[in-house]
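Next up: the structures, one after another.
In the two complexes that follow, chain A is the common piece, with chain B as its partner first and chain C second.
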Partner chain A sequence: MEIVVCIKPVPEPETRLRAAPDGRILDPEGVKYVLTGYDESAVEQALLLKESVPGSKVRAVSFGPSPRAEETLRAAVALGCDSATWIDSGAEPSPDPVDVARALAGTLRSLPHDLVLCGKQAGDDEAGLVAGALGELLGVPDFGYVVDLRWDAARSVFTFHRMTETLQESWEAPGPLVIGLQQAWNDPRTAKLPAILKSRKAPIDKVPVPAPDAHASRSRATTFALPPPRAGAKLIEYKTPEEAAERLVKVLREEAKVFP
Partner chain B sequence: MPDFSLTPEQESLRDLARKFARTEMAPHAAEADRTARFPEEIYRKAYDLGLTNLNVPTEYGGSGLGALDQCLIVEELAHACGGMTTSIIANCLALEPILLGGTPEQKARFLTPFCAQYGLASFALTEPSGGSDAGALRTRARREGDHYVLDGEKCFITNAPHAGLYTVFATVDPERRHKGITAFVVSRSTEGVLPGKDEEKMGHRASSTGTIRFEGAKVPVANRLGEEGEGFSLAMRTLDQTRTPIGALATGIAQAALDHAAAYSLKRQSFGKPIAQHQAIQIKLANMVQAIHAARLLTWHAAWTIDQGARGTLESSIAKCFASDAAFAVADEAIQTFGGYGYMKDYPVEKLLRDAKLTQIYEGANEIQRSVIARELLRAYE
Partner chain C sequence: MSGAVLVVGELREGRLVPSVTEAVGAARAISGPGTPIVGFVAGPSTDAATKEFGRLGVPDVRTASDPRFDRAPVSALAAFVAQAAGDAGADLVLVPGTTFGRDLVGRLGIRWNAAAVTGVTEVQRADGAWQVRRPIFGGRATETRRLDGARAVVGLRPHAYAPPPDAPVDVRSTAVAPREPPANLWVPKRVAEEPVASGSGPSLTDASIVVSGGRGLRAPENFHLVDELAASLGAAVGASRAVTDAGWRPSSLQVGQTGKAVSPQLYLAVGISGAIQHIVGMVSSRVIVAINSDATAPIFKVADYGVVGDLFQIVPALTAEIRRVRSA
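== the complex of A and B ==
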């Protein structure tokens, strides 16, 4: 089985973000980009399938500039992906998720794929559009919010669940498919030190961005801003636990209006 | 100009250690400290990721890292817990005499099976009657045919109650002082090898420290590292290699202390503003970051010197001595920044002072480091 897992380099969660000087996009200066969150779960899912279906291969694919896309791909190789394809965006890429899906789809057309895995959304912009757009562009079914994808060899179908806060569904479908994975349901593994060192020397296939098709995006990000800082917490002063409870209830009722 | 940038390989090693420290070690650091629990499940995970036998070449199943690479990892681990880090890197110390003094046959016989599965090893030099004066050690090794018989006692041995393999320094003739000391690789399963119980310690409480008694323990001649009388030199060359990571360990403790103190100073209000806006606290933070920066650079320089193939005695002594003194001073100032809360066990900084203290004592007390530094220094003027 040929499995492709699409991964996005996103800023390390503890990074202090700021707008670029032109105010349009996130300033990449000094930002460390990593494989994280939903995409880690997607890589873990790819590796679990590889381990359960003999003869499977996993290829990681990432779209972006140097060095962040290449670094993220090496992290995926250190985890156990067999090969890696870097779609070199050159300069700072368009943040439009559909542009990203176009670059991925154009590249995937010339790569074997029985299954395409993504995080259900990116860990930074949380747009959640790439998997869906990729399915459309490749002309194959796509599903998001997926957990526990398995291959039923006897019936040649994939089985999986869709898990959201409000529902759980079970599905089955033959490949090829595009799947957006939920986060952290599968306890993603940590790369081992020897694998990390080996991944530094692994070949990364660098390919150009596919030529835009007739429907190339005409979108353009205009501003990037961080959410305003949250208001400070309210401290309740008290002398006895009873007084603390009484004052807390009063604040919850009259100020927060949590209940009448 | 020298280049202080790390390679992508080194960045990724540091990332691995940082992730392990934050996700596996830090959440258990306070509890293991409070209960003096030896969290062996964490050490097992460290082994699985390749973080325990850092200095052993890959051909024997280790991670094959140089000194600077080791230091980058050790600093990150120590940021989460100094005690756990001591137990995680104790194998490097215990196995270094085999790397430096073992024949190819001995390396293959001892290191390959040891590294193939989770296991701990201990470096057994210190004795109840003396640590720094290693030439005066009393544990006897008497040659009887094709083996030696060991009698005596070692103390303050990291991981001793849990280790399966010991590198032991004993004397074939106490009259010969340094020239009688001989190194042996001893399996814990040897009859007459009696590890004692865990010591109750001030800090590094997630680490295990104990005695090992030898009562007529028979060790094959084939387990002797080098010739009779070469043990003292082997021990000193080992410590030249492993002292620098202690500088990194101390730097990690100091960085953790600063991180706690700086974050607290921005939150804690006094006289109507965060204490970080008071000059008294700003001066503390500025002094702390200077000490840490200097400790880290001295450690990196010592590691770089060793990676160039030099012995690095002076550089590693300076790094270990400076960084450990800095760690103690920075942890002290972190407690002072926290005020009364800093003295409470519910807050994380008092542990850092207790953990920092040991770095001034073990792997050569700082008094010995200073005498080594002075000796190396004066040699240049003689």
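== the complex of A and C ==
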């Protein structure tokens, strides 16, 4: 099985956020970009499938500028991906995720793929647009919010679950398929030191970013803002639990106006 | 300038889900009085939903009534939405903030050649283009994006807009007939489904009030305190990962980075310390209340109101007080 996993370099979760001097986007100065969250789960899921389906290969693909995209790809190789493709985005610091999907689709058309895995959404912009856009561009079905993706060799179908607001759905679908992954069936593994060292020398196939389609509608970031710092909780003063309850209900009704 | 606004419907047991009603509210709030608002709904039967659109004041509904939509993937549906948007002369499609909606936006953006964004809390017309605001980084920042081009698909965040008041009108429904989507898009099959355990209240991501319990409850047999508080408020029950990992409650109730992101009007955290992975799943709630015995717990930094105290005393008193004022 040929598996492609699409990963995005994202600021590490502890990053102190602040706007870039132009006020449009996150200031990338001094920020460390890593493989995070759902993308980590997508890599884990790809490796689990590879281990359970003999003869499988996993290729990691990342769109982004240097050096963060290469570094993220090396992290994926250290975890066990067989090969890596870097789509060099050049300088554009905050592309429209749909344009990213266009670039990924351009690259994927010349790579074998029975399964394309993405994280359900990126840890920074939380857009969750890539899987759907990629599915449409490649002409294959896509599913987001997927957990527990498996390959049923006897029937040649993928099986998986999706959690909606009220249901856990079970699905079956043959490949090729694009999946926006919520969770793999194991927690993401960590890379071992020898593998990390080896990944530093791993070859990375570099492809240029395609010229953007001038006619496409797209969104672009115009401001990046931090919410006003929360003042901290207003603490309810009380002598008895009953008094605490009474006062809390009163402020929720009269001040916060959230309660019936 | 502007064309129609198309609101994408979603059915649950034959009825429109609450997020669709909110999307109609959004359509009203952001468009001028002359702007047509058009509904879209697909399903095995679309009559009841069409009537519901009419009750909300939407006179024009585009329908795709087809038994295949009972179990079809979103992938096959996008062509129908794109066709409806084109037929209706829309320049904006509003998509509800549900799992279904989230899955639709990216595909529809490509299909309809429109700018596409998700998780939006505010839509505005500015300098001849749609402009949206959306929380990013788990609510730790917000961005504004401008949607360039003639068309836009905007996925809303749950509870960002209020449902409109009822304003019944006569409805005309028109069938949508796009070119048949490629056969492979129909092939995936939903083979089973079971209700997600959500207690007896509303579902976690729909609810306008959420009460979540954490490790502070000490043992699974104490969790009924949270259930009862939620029931008194008509709220959904959530939990921290400490609770779901320990198996006290199913993982479908987990709020946070690796669980669900919720943004209700009111979020009550009971015996939850406020780890960053929990915070990112609830920080965009409108009002946050924390009940915790440790005055230094980080949850009090994001909460609007706090009660420092023993939950085993505070929570029963609070449930009783709410029952009292509700029945008064």
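The working rule: the second predicted complex is superposed on the first by the 217 of 260 C-alpha atoms of A that agree within 3 Å, B and C clash if a C-alpha of one lies under 4 Å from a C-alpha of the other, contacts with A are read in each partner's own complex, and residues count from 1 in each chain.
By definition in this document, a contact is a pair of C-beta atoms (placed from the backbone, for glycine too) under 8 Å apart; a residue touches a chain by one contact, two chains touch by 3 or more.
This one's a predicted model, so the numbers in the text were calculated from it and none came from an experiment.
In the superposition on chain A, A:110 contacts neither chain B nor chain C. Put chain B and chain C next to each other and count what each touches on chain A; the higher total goes to C.
Looking at the shared chain after the overlay, A:124 reaches chain C, while chain B stays out of its contact range. Residue contacts after overlaying the shared chain place A:71 against chain B, while chain C stays out of touching range.
When the two complexes are overlaid on their common chain A, residue A:200 makes contact with chain B while staying clear of chain C. Contact with neither chain B nor chain C is seen for A:156 once the two complexes are overlaid on the shared chain. Contacts of A:192 after superposition on the shared chain: chain B is touched, whereas chain C is not. For chain B in complex with chain A, the residues that touch the partner chain are 8-9, 12-13, 15-16, 19-20, 48-51, 58, 63.
Within the complex formed with chain A, the chain C residues making contact are 12, 17, 73-76, 78, 98-100, 102-111, 113-119, 131-132, 135-152, 182, 184-185, 187-196, 198, 203-206, 209, 233, 252, 257-258, 265-266, 276, 286-287, 289-290, 295, 300-309, 313-314, 316-318, 320-322, 325-326. Looking at the complex, you find that chain A touches chain C at residues 11, 13, 17, 25-26, 37, 96-98, 101, 123-137, 139-145, 162-174, 177, 180, 183, 215-227, 230, 232-236, 238, 240-242, 244-246, 248-249, 251-253, 256, 258-260.
Interface residues of chain A, counted against chain B in their complex, comprise 34, 67, 71, 74-75, 78, 190-194, 196-197, 199-200.
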